[in-house]
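Every chain is named by a letter (A, B, C and D) in the order it is written, and numbering of its residues begins at 1.
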Amino acid sequence: MTELRVESLAKRFGGLRVFQNIGFTLPEGGLLGVIGPNGAGKTTLINVISGRQMASAGKVVLGGRDITNQPAHAVSRLGLARSFQQTNTFKSVSVNENIARAVRFGGRGAPVGLTRMMDTFGLTPRLHEISDKLPYGLQKMLGLVMAFASAPKIVLLDEPAAGLERAERQNVDTFVQIVRDAGTSVLIVEHDMDLIRRLCPRILVLDAGVLLADGPPAEVLARPDVIAAYLGEAGEA
Amino acid sequence: MDQFVQAALIGISLGAQYALLALGFTLIFGILGVVNFSHGGFYMLGGYVAYSCVAFLGLPYPLAVLVAVAATAALGWVFELFLLERLVDDHLATLMLTLGLYLVISTGLLTVFGPLSMEFAFPVTGALHMGPIYVPRENLIVLAVCLTAIAALWLVLYRTDLGRGLRALADDRAVAMAQGLRPKLLFPLAFAIATGLAGLTGALVTPILSLSPGVGDPVLATSFLTVILGGLGSLEGAALAAFVVGIVEAFSSVYFGGSIGALVLFVLVLLLLVFRPTGLMGRTVRGA
Amino acid sequence: MTGEPTMKRQLFAAALLTLPATAFADDCEMKLGAMGPMSGGAAQWGLAMNSAAELAAAEVNQEGGVKIGGKSCKVVVVPYDSKYTADGAAAGSNALAAQDIHLIIGPVGSPEATGIKPVAARNEQVAWNASYAKNALEPKFPLMFHIGPGPSGWADAVIKRAMQEFPMKSVALIAPNDQGGTDIASVDAEAYKANGITTTEEYYQRGTTNFAPIVTRILAGKPDAVDTASSPPGDAGVIVKQLRLAGFTGAIGRLGGPGTAEIVRVSGGLDVLKNFYWFETVPTEDPKVRAIDDEYRKLLGKDPIGGTAVWADLPAARMTLKAVSIAGTDDAKAVAAALRTMPVEDPNIGKGFWAGKKQFGIAQELQFPFGVGIIKDGKNLGVERQEVKPE
Amino acid sequence: MLLRIEDLWVRYGGIAALSGISIDVPEGETVLLVGANGAGKSSTINAIIGLVPAAKGRILLEGTDLTQIPCERRARLGIGYSPEGRRVFPTMSVTDNVLSGAFGLGRKRQRQALDWLRSVFPLLIDRETQPAGQLSGGQQQIVALARAMASFPRLLLLDEPFLGLAPVWIKQIGDAILHLRARGTTVLMTEQMARPALKLATSGYVMRGGEIRRGGPVDAIRDVALADEYL
């Protein structure tokens, strides 16, 4: 049973509340989308869950085990992997070496579907190229592949589609599909509403650090307070 | 042709020496808004400290250079913190204070070491000869140190908290202080970095040229010239201008002789200032 | 056991120093000015003036001081740093006049001589400049005296001696581009030409620290020898260092001021200097001349500052104080008149004569025996004494 | 009470800029000081941050009297400051401006602050290397706001944040302030333009001639504030 449970989680920076009282459960093999305007606290939420930042209050429980404020490497050893908004590969080594390191780090062997994923993303023919010489889209894909390569039980994706061209965004769908086929659950933070609607049976809406809504996209996105939160952002942009 | 190449090489090594001096000078002006008339004093002091370490303590030369940097930086720090800081916004007072410090340093050195030049030789001698062209090995070392210093200073100013704090204080002192930046902490550090650079130059260059209580006098003039040419307070401008001054001086002296050479340089600076009053790096600098 | 006699001698010397002091009239003290650059690149020349004046004063004081109006007066030396500038010397003349000083040993350089002449004349002061200016003396300034002749008095002899060691057909002269530099270098150049040597003159801005460009320029003309003329010793040392670094192997000369020891030090030693010839204002290796330093140490209890220039300046200071006692006053005109009648002779340097009539139209220049020094292949052959004959 | 000002006097030479004002800023609220030019709004802010000395009275930040603490140490007590006229550091890049607000807090906290501020104000990413002096007024106000927030202060002082801004920027800055307020940041702001400012505040004070004319919840001061604006 590898379920991710977040209870009354809160994060403060000095006098500023980044988010508060966040609670949800991501069941094993589940898929959950998180949306919200700029600065809603989505990335910080991922950072706190994955142990990169300390929680101010609340609990994060992974598979029945309290992992709140465990250091990031310990959390990832327990099977929680994440991707980054900006790419996070080892820049001066080859694609192959990048993936190999991720596999080795997971210590659980290469997951089922890894080769298929590399083939689909077009990384297989470029295994020996240095990663930061790849085009941006491919670097981003490599970052996703590396998140999966450690054979995690849960992956947290931080805006996987940001900066990608429309055609490349299809790869994110493929990624989610392969990951779920492997029995891994996914939490995905994303701005691309089409992608969220397409993929996620359930979404959380975060606004100004507060959990505004939790439910199926069709229902949630029709709520007036959610629309207002987004319109606020549209007005700002 | 040989002469042309030789002049260029000489110009670059002069430029390296001037750049080391001008960086510190422009740093103090850029950050504190103070024209440091004691800059040449720290140059001399660096030379004498290094000399004393080698001659009296028997330290190896590289260590002596480090001691000289530390000593001049420490003196700069103390001077800024206890004297200059109180009057840092009064242009006339800082002028008097720094000029006074220069007189104290030069008279002090004259009293302690006497008026004659010291026997202080650079440990690396000789030159690389390529046909009629030669490059003194010591100049290569100075050039390397100079480039390292430029890079290090750039990193400190643009990539560290200290640098950000200093630039913020230079841009808007009141707001920076309201942000929690403490001039009493940061200004002495900036001054120490600058005087340490002057000391470093003295420790490196006086054994190549000569070391006597008069050698600080031309330093101020050269630093001034370089920094005005580069744009007061601009670090990149000072570094660039130093090499321009070095190369112009080398070419004009080689081709027109020592007197006209100096004239050419000054005329050039004058022309530049007529057409570009803010200097080479013509951007708005501090409105001091 | 040598300790006891030595101690006795010291006690005796101390007694000599203190005893006559009681003989001075209570209210009588004569101030003697000493002027020259005492800081900066030419500092040792000014400090030499001061040392010479101090020694002459100490000698006279030891024997009861100068006789002024029948009283024995103690001589006190007042130094002034005229900074090698015309205004420095002019200001110095005034500053010393304000202290009732009528007699000045110094100043040194050509700019200083130019600056002090009219002011000292107005202040009625005797001054002894040591400059090599072409107008170091002028008949219209009869209170101005000159410590030694300029290059016209000795350059020819030095060049002839140098040519025996270092055959040369061309020489490049380098000097500062001010009056002091150009005056000497141009006279030196005339002397070289008179000996069949072609010359080029190269002048640099005073304050130059790095001579690499000028060295490059000089060497482009491929001269057999380079003469540093009256460049300050610190500058000359750097010039030598950079000439050798650039690969110059010919002889280097110095037909100008003293300071060879400093040049050796700054340039990096005899091996760097290699082939060098120079003029000394006094025969520096004559034991009698060297004894001056011992006497200085004995009387003043410290080392003299200023090197060989002290020896060259000393006769002027000694003769001035002697002239005060002859005249019985320190009034400048009376002292000057007494000086003119005195024979030119110094216990350490030897016999000389009054010169300057031909060059300046006024015979108020001390011409003493001088020296020519040679360093050959890194070996110091020493300084030879050159006797002089009246014009 | 996060900030309590008691009988504060500020004098420039012989002239009183503030004549015994008392102000309360409760934790988590946005308190507005409105009033015409010369009413004493900026003097109040400057006295809190320490740019002008208090002639008399106390300024208590959670019970600590600030008046005896030098300006450069007050920021460390948890006060962020966005000055009148923005006064960004003109030669410094946008990023360096923001980071200067988190001086000495360590690389990790600076990174955190920058990341968070960039997520709230995407402008900080678009213009990260541009010298702040080259930005438009509205953009500079965003930078000044971000700089003030970089230390995640308990109390944010905003001095005339709308000064000289176009309506579209007034809307944006207003939204930003609301965003910070929603995040629990306590704000004390001054503004001449009462109408947009009243939308942001929970309570406020109307100032005139260095004195408080009226204080209370926004609704209670609205009429006086608006009447004052058109005087």
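By our rule, a residue touches a chain if its C-beta (ideal position, glycine included) is under 8 Å from a C-beta of that chain, and two chains touch if they have at least 3 such contacts.
These numbers were taken from a predicted model, which means no experiment stands behind them.
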item	value
Maximum inter-chain contact count - chain pair	B-C
Centre-most chain [mean C-alpha coordinates]	B
Most widely separated chain from chain A, with each centre as the mean of CA atoms	C
For chain A paired with chain B, centre-to-centre distance based on mean C-alpha positions, whole Å	53
Where chain B and chain D are represented by their mean Cα positions, the distance between them in whole Å	42
Whole-Å gap separating chain B and chain C, where each centre is the average of the chain's CA atoms	36
Residues of chain C whose C-beta touches two or more other chains	none
Per-residue multi-chain contacts in chain D, two or more chains	151
Shared-contact residues (touching 2 or more other chains) in chain A	none
Touch-based graph of the chains, sorted into line, ring, star, complete or other	line
Chain pairs in mutual contact under the definition given at the outset	A-D, B-C, B-D
Chain C contact footprint on chain B (complex, rising order)	3, 6-7, 10-11, 13-14, 17, 106-107, 110, 114-119, 121, 125-127, 129, 132, 134, 136, 209-210, 212-215, 217-218, 221, 249-251, 253-255, 257-259, 261-262
Chain B residues within the chain D interface of the complex	158, 161, 164-165, 167-168, 170-172, 174-184, 283-284
Parts of chain D lying in touch with chain A, wherever the complex brings them together	78, 112-113, 115-116, 119-122, 149, 151-156, 171-172, 175-176, 179-180, 182-186
Complex contact set, residues of chain A against chain D	12-18, 38-39, 42-44, 53, 208-210, 232, 235-237
For the chain C and chain B complex, residues of the former touching the latter	38-41, 43-44, 47, 177, 202-205, 207-210, 212-214, 216-217, 220, 233-235, 237-238, 245-247, 262, 265-266, 268, 305
